[in-house]
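Labels for the chains are A, B, C and D, by order of writing; each one numbers its residues from 1.
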C-alpha cells in the first residue's frame, strides 16, 4: 500500500521538454510510472520520446492534457518565473495532486496558489520539494529510485538528501517503504507533516513512520501533538540543525507569530513529550524503527 | 536579501508612507555637510544589515553639524556584529510623543503575510512579546483579498485613541502592505512608528528583507543589493550559486542539500568536533561549483580538515569527484580532505577519485568521525 | 413567524450618525426593532439618542460593536464611497445578516464583497435595497411600517415602491405578511429570489408568497423552476416592465451569457409554465392570493 | 455611461493592448488633414453611442485624403438611431487576415466579470451566439484572484492555433481585464480583434460602458463623458438626479421608484394608452426634483397629460405636493395633471394639493385610467 500515488496514478509532466523535465520524465517512466501526458505551451502536438521508444503526447495546456488523457496527478518542472502560473493551471485542471519540484518560486505567489488549491480542494506537494515515491508502484519527482524498496515504513521529510540518507539506511537493513514523501523546505508548502502522518495512519500497508524535520517554524511541534492524539502507529523522528547558527533574518519576528523559536532543541523536546522516539544521529533511525516494530 | 534602513525608507516613500528626509554619507565631511544643510539637530545612523545598532553605538543624536561630523567619524568603519559600517544615514532628529511598532512578514502557519502591531514600539518586539503579549495585535492577510480597509483600521485602532492618528496609521498600514507586496518582501517593519507633538505619524526606522526568489522580476529592488554590506565569503558563495554561512569551528563542510548539511554539522558536533561552516552545493552537478566551494572553505584560516558528504540524487557523484580533482589542481590546499560519496553514479565517482589518489567512505558516521579526528590532530 | 429577522434580531446600524442613518434608526426603533449599537468611525463613545430618550451606544468599528453588544444583524446606511468597505467590515464582524441599503456602490466592489460573504457564510441583502420587515417583530431598512400587518403572506421583490404598492393592497384586504423582503435592483445582489423562496417554504407561518420581479437577468426564471420543483406553497407573481424599451447598454451581451433576453414576456411565461399565477396588474395580486389560499 | 470608440481605445492603450493610431475630426477639413498626415488609406468612423454604425453608413473606407474629406462631410451631422454624429475617428486602414471577438462584462449569475471570446469576430456576437454557440468560449473571473495567466491562455487557445498569436492574444486578454477593472467598466469589447498578414493582433474596434457608480473615484474616466453625445432631455434628467428615458407615447409619467415607474407604464398600456416616458424621481424628497421632472416631461411636445404616481416611503408626499405646486407656478403647463399620492405624510400632501386647487387619487388603477382617458380626449 501507499499514500498519494500508486498504480492508478496517471501523471502529466509540466515542462516536459525542459532540461530537468525531460531527464526526470525518463527516470520516472523507467521506474514504471504511468506518464500519460506532457505540457509545454507552443509544443502541443509533438511527442516526448520516453525510454524504450514509448511516446508521450505533448499538449499546449493542462485542461487539454487532462481531458484527453485522464491524468489525475501533475508534476511541475517549470522554471521559477512561470512555476506559480503552472501550479495554478494544474490546480484548475482537474488533477487532484500537484507535485511542485521547482525551487525559487516567489513566496507571495505561493500564498495565492495555496489559497487557490484550498478553494479547489486540490493537494499541492511542495514547492521546492523532491516529490514522492511509492516503491514498486510509482515515482513522481526526483527521489533516486535505486535507494528505495517495498516495505512497511512511511517516510516524510522536509529535506531532500537527508531523506535519501534515511531511506538508504532503512533499505540497507531490509526495511522497505510504503511511500517516501519530501514535503519541501520552502516557507509556504502545500502538504505538511500532519497531512502525511494522517495518510500514513490510514494506509493499511504502513506499520511505522519516520519523520525528518529541520529547524524553523512549528510544523514538527504540531505534528508531534497530532502523533500523540491521533496516531496508533509508532513514529521515529529526527531533527537537523542542532548546531545551526540563528538566522540573521526573519527568525525572531516569525517566532513571535508562531509562538516558537523553532530550534532543534524545542522540536526534539516536542517529539519526546509526545511519544516520538528521537534519533540523535541519522544512523540511529534504523535501530529505533526496529525497536518500534518489535 | 536584506536592504538598508535608508533603502527601506525609499521603498516606503514610494507607497506614500510618511518618512523623514535623510541623506547618506560615507565620510565624516559629508555627514557634516548634510547636517549643515538641515540646519537642525540630526541623527547619524549606521547602515548595516544587523539589529542592535543602537546598543552597539551605531546610532547617535547630534545637536549640530560638528557633532554630526564627530559621531560619523566614529561610526564609519565601526564593526557591528561582524559587519563593517561603510555608510551612515543623516536625518533630522524628530520630536517624539509616542512610539509604536508595525511589522509584516510571511507566516508559515497561516500561509499568508501577517501583520504584527503594538503601541509599545521603540524596543525589540521580542521583548514586548515576552513580557506583555497582550500588547501585540496580529492579523493574517488573506492573499485572495489583500489587506481590507477595515482590517487596516482594526490594527490602527489598537495603536491609537485619537481619530486623526487612527486614520493616518490606517493609511500607513495599508501602504506598508502595498510596499511589502510591491517590493517582494518577506519581512518589513517600522520600529518605531512615532507620533509628533503636532499630531503626525512618521516611520523613523525601517527594516526590510526581500524574498530572493522575487529579484528576477524586480530589477529595481535587486539593484538595492549592497555588495559591501555582506561578508566577502558569503557574497562569493551566493554568486557561485552556493549557500554558505561561516561559523567558528575548524571542520570545513561541503554537502549537497541543506538538511543533510545541517545533519552533517550536527554529527561533527556529536563526535566532538566543531563545524567551520554551513555549505550546501545545491542540487546541480556542475564541477565548477565544487571548485568554488573549496575555494571558499579554504579561504577560512581556521579550517583544518575538509569534509565532503555527498548523497547523489540529482547531484551526480562523478561530477563531484571531477570537481574535487579539478580543485586540487587549481588551489594549493594544505588541509586534508575526507570524502563520503554515495548515490547516483557512485562507482564512476569513486573511480575518478581513486585515480587521483583519494579514497572515499560510504558511511556518513565514518567520514565525520575521521574528519573530527584529523581536525584534532 | 418570519424569515431572516424576528424578535431575536439585535441590530447594529452602520452610518448611524448620517442623515439617512439617524432618521431610519429612529423609525426602526419606533417600530420596536432592537437597535443595540451604531458604528461611525471617530464617534465611538458617543450615544445615539433614539425616540423616547432611549440611548444607543456608538462604536468606532464593527468588531467592537458586535463583541460588546451581541449584535447579530447589521444595516448599512454608509455613503457609496465607503459602503463596500462597511459591508466587508460587517461581513467580517460576526453578524450573520448584513442589510445594505446604500445605492450607488460600484459593481466590482460588490463582486468582491459577495465573494467574501460567501467565504464567511454571511448573508448580504442588497445593496441598493429597501431592506425587510417582519410585521410585529422587527424592521431593518426603509420599508414604510404603516402599510404592513401581521399575517400569512411572504413578499419578496426586486423593487422598492412597487413592493409598497403590493403590500399596501394586501394589508387593505386584511392579508398580513410574515416578512416583506426587498432584494434590491443592482446587478450583483447578495440574496436572490430563490434564497427568499426557500426561507418562506421553510417558515411555518408563511402560507403563500408574492414574488415581484422586473425585466433584466434570469433570477425570476430560475426562481420559477425552483417554485415548481421545491415549493409546496402557492406563489403569485408580477413582472414590471412589459412596456420598457430595450436598454441601450449591456442588454445584449448579458443576454448571451445568461442565455436569455430577460424580457417581461419571457419571465411571465416562465412563471406560468411553472405553476405561478401571474398578476397582469398590481391590483390583481390580491385576488390571485385569495384564490390560492382557498 | 457609454464612451466613444476612440476613448475606449485610449483606455486600452493605457493597459498595453495594441490599437492602431487614430485622430478625431469634427470637420471634413480636419478629416482630410489627418488622412494626409497618415499618407495611406484610412477609415472614417462615426463616433456615436450606438451599435450598427456600419450598417447606418457611419463607417467608410477611404483610399485617400480627398475620399476621407468626402465621407467625413457625409458622416458628420448624420443621424444614427436618434443620435447626431459630431465627431469622426480617422485611422489608417488595416490589412485584415482574421477577425475575432473578445468581450468582458458583469454577469449577474456568476456575480463576476465574465469573458466571452469567439474566433468569429467582425459581426454581432448575438448572431454568433444564435447560429453557432459552440464558437463562443466563456470564463467568469473569480474576483478573489483576478484573471489568472492560464485562464487568459485558455481563452486565447480558443481563438488561434499559432503559438505567437496565442501569446499575443493571451497578453491582450489579460490587459483587457486590467483595462476593464481600472476603468470601472461594466462592459467592454474588442470586435474585431484582427490579425494582420505580418502576424500581429490589433484591436480595431472598441466599445466600453462605465459603471456610473465608479465615476466618483475615477475623475479621468468621468471626464470622458461626452455631453453632446446624449439626448438633451436625458442629460438634464441625469444632472437633476432623475432617471429618464423618452418614449413615443403621450402620457407623461412621473413616479418614484423604477419598479413602480415600469408598472405604471405597463398599466397605461393596459388601459389602452401609450406612455411618453419612463421617469423615476428616486427616493429623495426634494421639491426641486419634482420641478425638474415636470420641466423635462413638458418639454416633450407629444405629452398630452401628466400622470403622477407616488407611493411615499422615503419620499414624503408633502414634498412632492410642494414640488407640484411650485412647478405650476414656474412652468406654463398646458397639459392636465392627474395625481396619485399615498404613503408617508399623505394627509399633509393632499392638503397642500387641495389648497392649490388639485385633487388626488389613492388608487393606482383609478389615476392611470383617468390619465389615459384625458390623453385620448
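Just so we're on the same page, a contact is a pair of C-beta atoms (placed from the backbone, for glycine too) under 8 Å apart; a residue touches a chain by one contact, two chains touch by 3 or more.
This is a predicted model, so every value here is computed, not measured.
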Given chain A and chain D, the chains that contact each of them: B
Pair sharing more residue contacts (C-beta pairs) when A-B is set against B-C: A-B
Whole-Å gap separating chain C and chain D, where each centre is the average of the chain's CA atoms: 28
Between chain D and chain B, distance of the C-alpha-averaged centres to the nearest whole Å: 56
Overlap residues in chain D, where contacts from two or more other chains coincide: 144-145
Overlap residues in chain C, where contacts from two or more other chains coincide: 112, 119
Of chain C, residues touching chain D in the complex: 80-81, 103-108, 111-112, 114-115, 119, 130, 142-144, 146-147, 157-165, 168, 185, 187-188, 212, 214-215, 217-219, 238, 240-245, 248-250, 252-258, 264, 280-283
Parts of chain D lying in touch with chain B, wherever the complex brings them together: 144-145
Residues of chain A touching chain D in the complex: 41-42, 60-64, 85-86, 88-89, 92, 112, 115-116, 119
Parts of chain B lying in touch with chain A, wherever the complex brings them together: 2, 49-50, 103, 105-109, 111-114, 116, 124-126, 129, 136, 138, 142-144, 181, 184, 186-187, 189, 209, 211-214, 216-217, 245, 247, 255-260, 262-263, 265-270, 275, 278, 283, 311-315, 342-344, 363-365
Residue numbers on chain B that touch chain C, as the complex places them: 144-145, 148-151, 153-154, 157, 163, 166-167
